[in-house]
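Presented sequentially are two complexes of subunit A, the first with subunit B as partner and the second with subunit C.
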Partner chain A sequence: MKLYLRYVSVLLKSQMQYRTSFILVTVGQFFIPFFMFISVLLLFQRFSTIAGWTLYEVALCYAVINISSSLSECFARGFDTFSMLIVRGEFDRILVRPRTTLLQIFGTKFEFSRIGRLSQGFIALIFSLMYLDVSWDLYRVLTLLLMILSGTFIFTGLYILGATLCFWTVEGLEVVNILTDGGRNFAQYPLSIYQEWVKKFFTYVIPFASVNYLPLQYLLNKANGNLLAHMLAPILGILFIIPCILIWNFGVKHYKSTGS
Partner chain B sequence: MIEVESLSKSFKVAKRSAGIGSAVKSLFNPQYSVVNALEDISFQIDEGEIVGYIGPNGAGKSTTIKIISGVLVPDSGKCKILGNTPWENRIKHVKNIGVVFGQRSQLWWDLPVIDSFNLLRDIYRVPEGEYRKTLNLLISILDISSLLTTPVRQLSLGQRMRCEIAASLLHNPKILFLDEPTIGLDAVSKIAVRNFIKTINQERKLTVILTTHDMNDIEALAERIILIGKGQILLDGTLTDLKKRFASHKIVKVDFTENTKSINIEGVKILNRSKESMALSVDLDVIKVSDAIGFLAKDLDILDVSVHSRPVEEIIVDLYKVYQI
Partner chain C sequence: MRAYYSLFKMRVLKGLQYRTAAIAGVCTQFFWGIMYIMIFEAFYKSSTTPQPITYNQLVQVIWLQQSFLVLFMLWYRDSELFNQITNGDIAYELCRPSDLYGLWYAKLIGQRLSGAILRCFPIILIAAFLPKPYRFSLPADGISFILFLITITLALLLIVAISMLIYISTFYTMSPTGSLLMIAVAGEFFSGLIIPVPLMPSILRKIVYLLPFRYTSDLPFRLYAGNIGLKEGLLSIGVQLVWILILVWLGRFLMKRAFKKIVVQGG
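On to the complex of A and B.
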């Protein structure tokens, strides 16, 4: 962990060598998803609820997913651009150093400009919390934090899976963006508004349901049955990273390296 | 110290002919051919040796280095380096080794050199006191104190290479892998790098494995060479052995007072001749150099004699020819 912080401070130093471009990208990162949030607002101008969810409820869901997706983009950017490491042969370098490959790849990149998107997520969160009629107790706050954490883990796991594919294809595959970007776009809304197969996919294959739908029901007093199960559902999302890491380690053994 | 036993590795390479048509075809029906990069490679290296690992492009040099440095997993074979198998105990193994890939930097491009060094200290968990000591030593022998605060991207290639080598030794490894360390360097930097490798090898008993295409590197550094071609070890011996085996001729150059008498000595071939000098090739299997000079002295009034061995470069070219690689 100490080493990770050292990596981040080194990357921050490097980043500061290019200050102007950093500021522009950060601002851009704020506005692109901001317009998406506007479109959510416009949607609710036409329809007051979607499948029984109000604007502020959807905004909460939107905020959680966007915060966790931008957090994972900050931390796990190295996996998103992992094909570059392979193409440039830098993964060889990582393998001859006495630390785990995962830690070192987390340390290759830290996308500071995602602070733009992150703050946009927080604005959506504040907006929803201001208007939502929910009494916030300790359990709810904990669940909310757990949701964000869990989402970050799921997105990170997806990035790791995508990077693993590079061991076989060398070039990065856009396929994974369907899962990360697509997953984010789907999971911005409560999953109950979608068709059955979409729900099933995002529950059993990629457990976004454990981040948004299930704990969201608990937060908003919509849950039936076992409340504890709804509260702790995000933990399943966190566990999603374990198979991802196992698959990654399997992939490393199949690394072929490039050039001389 | 390093034991490698019947290491083999093959790669699947996608076959594709030129043109868009075949590119599309290969997308749906990829054809592969198997390339045996390494076939049954075995060798042993002892502590303190400097070994030159040579061979033409594509012979399997880099593949070997990558396997024994823990980057690649071989198809079969054994390898023990200080008790570790590189691809099984990667993290333990790489603590003992330093690696310089001549064409790839291990320093952080945008940062001053010293920042990279400090980060490496943390990566390798080098205790502060030991780190200071090693760093000071490296700075003084490699003469890099003035470079430490310069961002890596502003260094010249020669300066960068000196910093790269320093970076690979900060954690006091017992083995150093150098993959083409002098590639692209000017003469002064080349000699500086060679001298340094020699010094550090003697002072610390550092084992060095060196791949290069520059035979001067080999001549200056390596006592032992391993020649690899088409994935197999063709020759493993000292440089002197190699010279004896493949340099059966010496070149003798003679200056003399003007003379046009014809020279005919068995085992001696005249390469070129002018009125006052000539160059001869002496076949050592037939005649000794001293005898040949003796015969010459009878006919000529010799002013100066010099004896040359064939350059290693030429010997290696011959070797490649002999083994058809």
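On to the complex of A and C.
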């Protein structure tokens, strides 16, 4: 942990060397999803509800997913650009060091500019909380925090999976973006608006349902049945990272250096 | 003219080499199309009031947007051109005996076309065989198909004229990221790629109609879907032509001015 903090502080210093560029990228990171959010607002002006969910409820879902995806982009950016390490043969260096590979990859990159995107998510969150008619007690706040945490873990797991593929393909694959970017866009709306097969996929294969559906129902008083199960569902999402790490370790064993 | 043509041909052939990238692109775009359609399906199902564009027409527009995305997205950039400007290789280009604006214009068109040719047919083909509510169908009628072909050709000329302005702005700012990002995001929004133009509130729609962006990817697709009538379609062709003339003139003017005081970077 101490080592990781050290990695992060070094990266922060290096990124601050290019201050103007950093500010520009951060501002851009704010505006891209911001237009997305405006379009959601405009759509609701026209249609008023989507499959029984109101604007503010969707905004809450949107905020949670955006906050957690930008958090995981901050931390796990190293996995997103992992193919570069393989192509240049730099992964060999990482293998010979006496620390776990995962920790070192986490330490290669830390995107501070994602703060732009993160603040956009928080604006959406504040917006929805201002208008939502929900009495916030300790359990609900805890559930909300768990949701964000769980989302972050799921996205990080997806990044790790994408990077693991590079052990076999060497090149990074654009298709992986379907899972990460596509997953984010899908999950911005509550899962119940989609077709049955999409729901099943995002429940049993990639457990987004444990972030943007089950606990959301609890927060908004829509849950019936066991409340505790709805509350604790995000924990299942956090567990998603375990198989990802196992697959990663399997991939590391398979690794053949590209030389050079 | 022959020089432009051969440059254009070279670009197309070069682009056709990247087949794996194209397959990956097809998968991504296809997935994106399905996703958008599902979201709109849910929206349309929860409201009974008739909308300015029917669900079926919207499905056609979304599939066309996805399959021709490479043709019309603004952030599709040629890093080669940017590098020429920032590292000083532009000096070689200036020595050539043909007009630089025309050369780049031909290059960019070729690049966009080659990307689109590889991607559009598979997406359209698969989409045409999907089950009913998602299916991509034939155009509304023969005339709208002809109008679609005319407007999409003009739209390509227009989008390249717009993106030329982005390249030229690099002469003044030296860093492509900032200007590119802002123009690309705003342009995408105003051309109806994030939210379809007919679904925008009327004030916003008025602004959109004043800007050139919607004449790239909104107009031809809605003509295909039958959402725009014959008369408006014919008028819009005129507007497209006017925009192309204005933007090409502006681009040439700015480029000439930039060259008068150009500083060649590096050595």
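Criterion: the second predicted complex is superposed on the first by the 259 of 260 C-alpha atoms of A that agree within 3 Å, B and C clash if a C-alpha of one lies under 4 Å from a C-alpha of the other, contacts with A are read in each partner's own complex, and residues count from 1 in each chain.
By our rule, contacts are C-beta pairs under 8 Å (C-beta built on N, C-alpha and C of every residue); 3 or more make two chains touch, one makes a residue touch a chain.
Small disclaimer: the values here were computed from a predicted structure and weren't measured.
If you stack the two complexes on chain A, which partner ends up touching A:224: first (subunit B), second (subunit C), both, or neither?
In the superposition, A:224 touches no partner, neither subunit B nor subunit C.
Going by the contact rule set out at the top, does A:49 touch subunit B (first), subunit C (second), both, or neither?
Touch status of A:49: second partner only.
So in the superposed three-chain picture, is A:90 touching just subunit B, just subunit C, both, or none of them (first/second/both/neither)?
A:90 sits against subunit B, while subunit C stays out of touch.
Contacts for A:135 in the overlay, against subunit B (first) and subunit C (second): which applies, first, second, both or neither?
neither
With both complexes overlaid on chain A, does A:193 touch subunit B (first), subunit C (second), both or neither?
After superposing on A, A:193 lies in contact with subunit C but is clear of subunit B.
If we count contacts the way the header does, which residues on subunit B are in touch with subunit A in the complex?
Subunit B reaches subunit A through residues 11, 57, 61-62, 66, 69-73, 87, 90-92, 94-95, 97, 99, 101, 103-104, 106, 108-111, 115, 119, 122-125, 151, 179.
Which subunit A residues qualify as touching subunit B in the complex?
Contact set of subunit A toward subunit B: 2-3, 6-7, 10, 13-14, 17, 88-90, 92-93, 95-100, 104, 253-257, 259-260.
For the complex, which residues does subunit A have touching subunit C?
Within the complex, subunit A touches subunit C at residues 21, 24-25, 28, 31-32, 35-36, 38-39, 42-43, 45-52, 173-175, 177-178, 182, 185-186, 189, 193-195, 198.
Please name which positions on subunit C make contact with subunit A in the complex.
Within the complex, subunit C contacts subunit A at residues 21, 24-25, 27-28, 31-32, 35, 38-39, 42-47, 51, 175, 177-178, 181-182, 185-186, 188-189, 194-195, 199-201, 204.
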